[in-house]
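Here chain A shows up in two complexes: once beside chain B, once beside chain C.
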Partner chain A sequence: MTSRVSEAATEAVAPVLSKRAGRIRRFVDPLVFALLFVAAWQVFIWITGFHSVVLPPPSKVWAVLWNQGDFLVGNMLTTAITIAWGFFLGGLMGFVSGVLINHFEGVKRAIQPILVALYVVPKAVFIPLLILWWGVGFEYKLLVTVLLAFFPVTENTVTGLSGVEREMVELTRSLKGGRWFGFRKVALPFASPFVLAGLRIALTESFIGGVLSEILVPGSVGIGSRIVEAAAFSNTEFIIASIMVIAAFGIVSYFLFLWLERRLTFWV
Partner chain B sequence: MGIGALSPARTASWWEKAGRRLWYHWPVVLVLIGIVVFWIFMIEWRDFHPIVLPSPGAVIEALVENRIDYVRAGFVTFYEMILGFMAGGALGFFSAVGIFYSPFLRRSLYPLLLGFRIVPKVAFVPLFLVWFGIGVGVKVALASFAIFFLILIQTGLGLAGVDPALIELGRSLRMSEVALLRRIRLPAALPAIMVGVKLGITYALTNVVVAEMVVATEGLGFLVVEARSFIKTHEMIAAIFVVAFIGLVVFAVGLWVERKTVFWYLDADH
Partner chain C sequence: MGIELQGLGKIFQTTDLTVEALRDISVEVSDSEFVSIIGPSGCGKSTLLRLVSGLIPPTQGSVSIDGVPVRGPAGNIGFVFQAPTLLKWRTVIKNVMFPYEVLASQKRTVMSREDYEKRADLLLKMVGIEEFRDAYPKQLSGGMQQRVSICRALLHDPTLLLMDEPFGALDEFTRERMNEELMRIWRETRKTVLFVTHHIPEAVFLSDRILVLSARPGTLLGEIVVDLPRPRTPEMRDSVAFLEQVVITRRLIGEADGGENSKGSW
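Showing the complex of A and B:
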């Protein structure tokens, strides 16, 4: 089941508790842990008296979130637009090229190794080249995000589609189903868990793309640039607050995605 | 997902399969030639300035000329990579075992870590700069931070996916929990862990290179950024090629390690 280069389709959170108790505690327990963690952090600062440049107490981070929340969220929204577009375009292109690779032998023979090679190479090194050719604006950031989001989807689409059993294909043929019919009714439902697993990786990669492309061009728009600026002023609490804003956006989008995934692949 | 008890009689060794695969994909050569021809065409007939698009010849020249720099930077990157991989891997592995044995942590911390995976680790670079300094520290920190999550989750998956029948078997043999972990749980979880190790080596390189690009003091990522700041595009592209090549080598090493350790799983039918 595992794809060659990605951790796709191997994720399953083990069910630990019974239904109703589980449903409540699944949200309460992580919350309790997070609160305990923050409390321990605050107490740790009180006891050791760490300098707040090195490690600010949660209260200071909270102050930043409270006072500059609009500013942070505004910057994060700019980044989120890049991430969303990059995820959408990269995912779509990845899916389409996965389908093409699987359907046309020639395409597969000619470009699949190149795509696999590009998948495993650290793609961040291409960023300076992209800056050179496309500047430091939205287009460049979108390109970085698409570049990162594209490959896991391609890889997983190919893995999923090539796993469709021969018998199933022959069955649709014998039922006089056309190619399109077979694709829609047999191949796609079979491959969709793989594709969605690829998209889940692509979502994480899009977040990396959005933030990394901004970190490498300080003074630009978006939360990544704000983090770099805060680092220049040793404004540690601002950095941590920014990371928390990114985390909040990330986790919300992750759960949205999981919810969508469950609705789309209800039969699994 | 059980243990492949006995590997079946093999008809072709894996490198024979790899060879056949390479032969199957020979049209790739045409595509690569096409790309180089297109590249030359853009320079010769569309008059691209060498700063925007240097000629392949200039890139090759830079590759040859700077070979000592690549070796030197490569050693730095390699060193940081190994340190980051070992630190993050060990931390992730032991945390996963710890979380596995604590029902509370499994319910509370594990979902948090799963959710936290989506946060780009590179955002922590400024923080690591404050904590670990501008030298090797920040790069190792970023790499180990990323690998920690990967190994932790893969180990957690592996441990959770062990066939209950095997555990029953161990219990019926009155194995202690330590023996159960050593003799049954971990070996059965090894394929999932090795997926983490395989990807982890690549993650280590990627994250070290990213940190080198952001912090820019030494290493392969630094060479790319440095060439850019001097507007020496041919050197930049040469350095990109070097990193890409090393990325391929590192991934091949990862595949090899996986192949060597869990061959009994990979060769079995699933």
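Showing the complex of A and C:
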């Protein structure tokens, strides 16, 4: 059956692209577009004659990446630790609270207003408070990241778990299956595509949290702090190079997660 | 397995709404009997099955199975819903094996895993989809999915099979084929079957007896003992005797509507 479906799919595409050519183009197309973009950037500077403090040419940015790449990546790795922990803890807490909200009507009634309040208030307003309490070290950055990663996971977990059909619950109950069994074997797998989608959003939110918390504290560790410092010296090419490093980390982790997500929820 | 319903009634109550679904239903179903329940939409047919299975408690009267009052699910019932309700992340065989896993989680199995799996394969063969054993539900048509769900309902060899409009979502041709298949399964396994439907020819074709329920609150309006020989064959559908039974049933249902909704779903 699977092979029949994929055969049909290949047949439809075959006249246009072979499978291998398709795989190559998946990498070639974005690369070609990126090169065109860089070329347009250079041409734009030639035409407008912008000063390199306003918009440096690609060559200057490349020079920063080439000469200070280790430094940039080193700082990014420090930031990545905050991002990873924030993502992990925020995701875990989000999942657990989603489960509790869904399973206990009392918990839902009690904490939902607070959660909604936290959700609608822009997370950045908590930053001064967190700095006041925790200083500008790792704890503060971690808390900002956790705060951002938490909500999408909670929300998606509740959405997923509450979508379990009545019949699926009745099926388990009619066989005298317990609640824990039903949760593990029915509700959790059913909700997992939603939970994973929530985690994917939480991953991008974690990048925001990790970098944003550093940008507010120059002189600290991490790539965000390096960016504010560079801004103070009008080192525009350094800022752009840093953004590229963050973007590279973001792209790699996002697609890794997407790949994992597709493998785990193959039936969707 | 014999079922006895005595003065059974169910009222659903929420904070702002009270709905009387069933009122004073008294019926006896004997062992290995095939009984259909028919009636207008929303007459509490599904509620009746849920009461018999112990999934919900009655507000009046009682249900007993083999003389034992039902208080909650007993685990020896096979349930087939209108939607196949398959677990999409499991292969066909893993779906059919689901009841085994529930039983195993409470050490209530009566055979080894291998024996259950053999039985699952046998059931899949009986409904003619053994080659889809390792396929996933989304690769199957609606009719095939419902067959899987019937196999799942039979895995743990329940003595009572509850079917809630199992073929309601299928097209007419598939429905007739599934009816014939169900008759064959029933002949081979001799389960007591309670079958909810609102399709009159289907009820006539399958049943020993048809119970007709009125519109809400569902009360028992009458019953028809289907006067057709067994085994039922596809050719029978065109016989005068079959059509007579359909007409008799339809008349009784017409009374169920009280003429009020006669332009409705019939």
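Note that the second predicted complex is superposed on the first by the 246 of 268 C-alpha atoms of A that agree within 3 Å, B and C clash if a C-alpha of one lies under 4 Å from a C-alpha of the other, contacts with A are read in each partner's own complex, and residues count from 1 in each chain.
Criterion: a contact is a pair of C-beta atoms (placed from the backbone, for glycine too) under 8 Å apart; a residue touches a chain by one contact, two chains touch by 3 or more.
Just so it is clear, the structure is predicted and the values come from calculations on it, not from any experiment.
Aligning the two structures on chain A places chain B and chain C next to each other without any clash.
Of the two partner chains placed by the overlay, only chain C lies in contact with A:Glu167; chain B stays clear of it.
Looking at the shared chain after the overlay, A:Ala117 reaches chain B, while chain C stays out of its contact range.
In the superposition on chain A, A:Phe181 makes contact with chain C only, while chain B stays out of contact range. With both complexes placed on chain A, chain A has more residues touched by B than by the other of chain B and chain C.
Of the two partner chains placed around the shared chain by superposition, neither chain B nor chain C is touched by A:Ser59.
Judged by the touch definition given at the top, the superposed model places A:Pro189 against chain C, while chain B stays out of reach. When the two complexes are overlaid on their common chain A, residue A:Leu216 makes contact with chain B while staying clear of chain C.
In the superposed model, A:Asn67 lies in contact with neither chain B nor chain C.
After superposing both complexes on chain A, the closest C-alpha pair between chain B and chain C lies 11 Å apart. Across the two superposed structures, the residue set of chain A contacted by chain B and also by chain C is 1-2, 5.
Chain contact summary for the complex, chain B toward chain A: residues 24-28, 30-32, 52, 103-112, 114-127, 129-131, 150, 153-154, 157, 160-161, 192, 195-196, 199, 202, 205-206, 209-210, 213-214, 220-221, 224-225, 227-228, 233, 236-237, 239-240, 243-244, 247-248, 251, 270.
Those residues of chain C lying in contact with chain A across their complex are 50, 53-55, 73-75, 77, 79, 81, 83, 85, 87-89, 98-99, 101-103, 105-106, 108, 132, 135-139, 156.
Residues 1-2, 5, 165, 167-168, 170-178, 181, 185-186, 189-190, 265-267 of chain A are the ones touching chain C in the complex.
The touching residues of chain A, counted against chain B in their complex, run 1-2, 5-7, 10-14, 16-17, 25-26, 29-30, 32-34, 53-54, 106, 109-114, 117, 120-129, 131-133, 203-204, 207-208, 210-212, 215-216, 224, 227-228, 230-231, 234, 236, 239-240, 242-243, 246-247, 250-251, 253-255.
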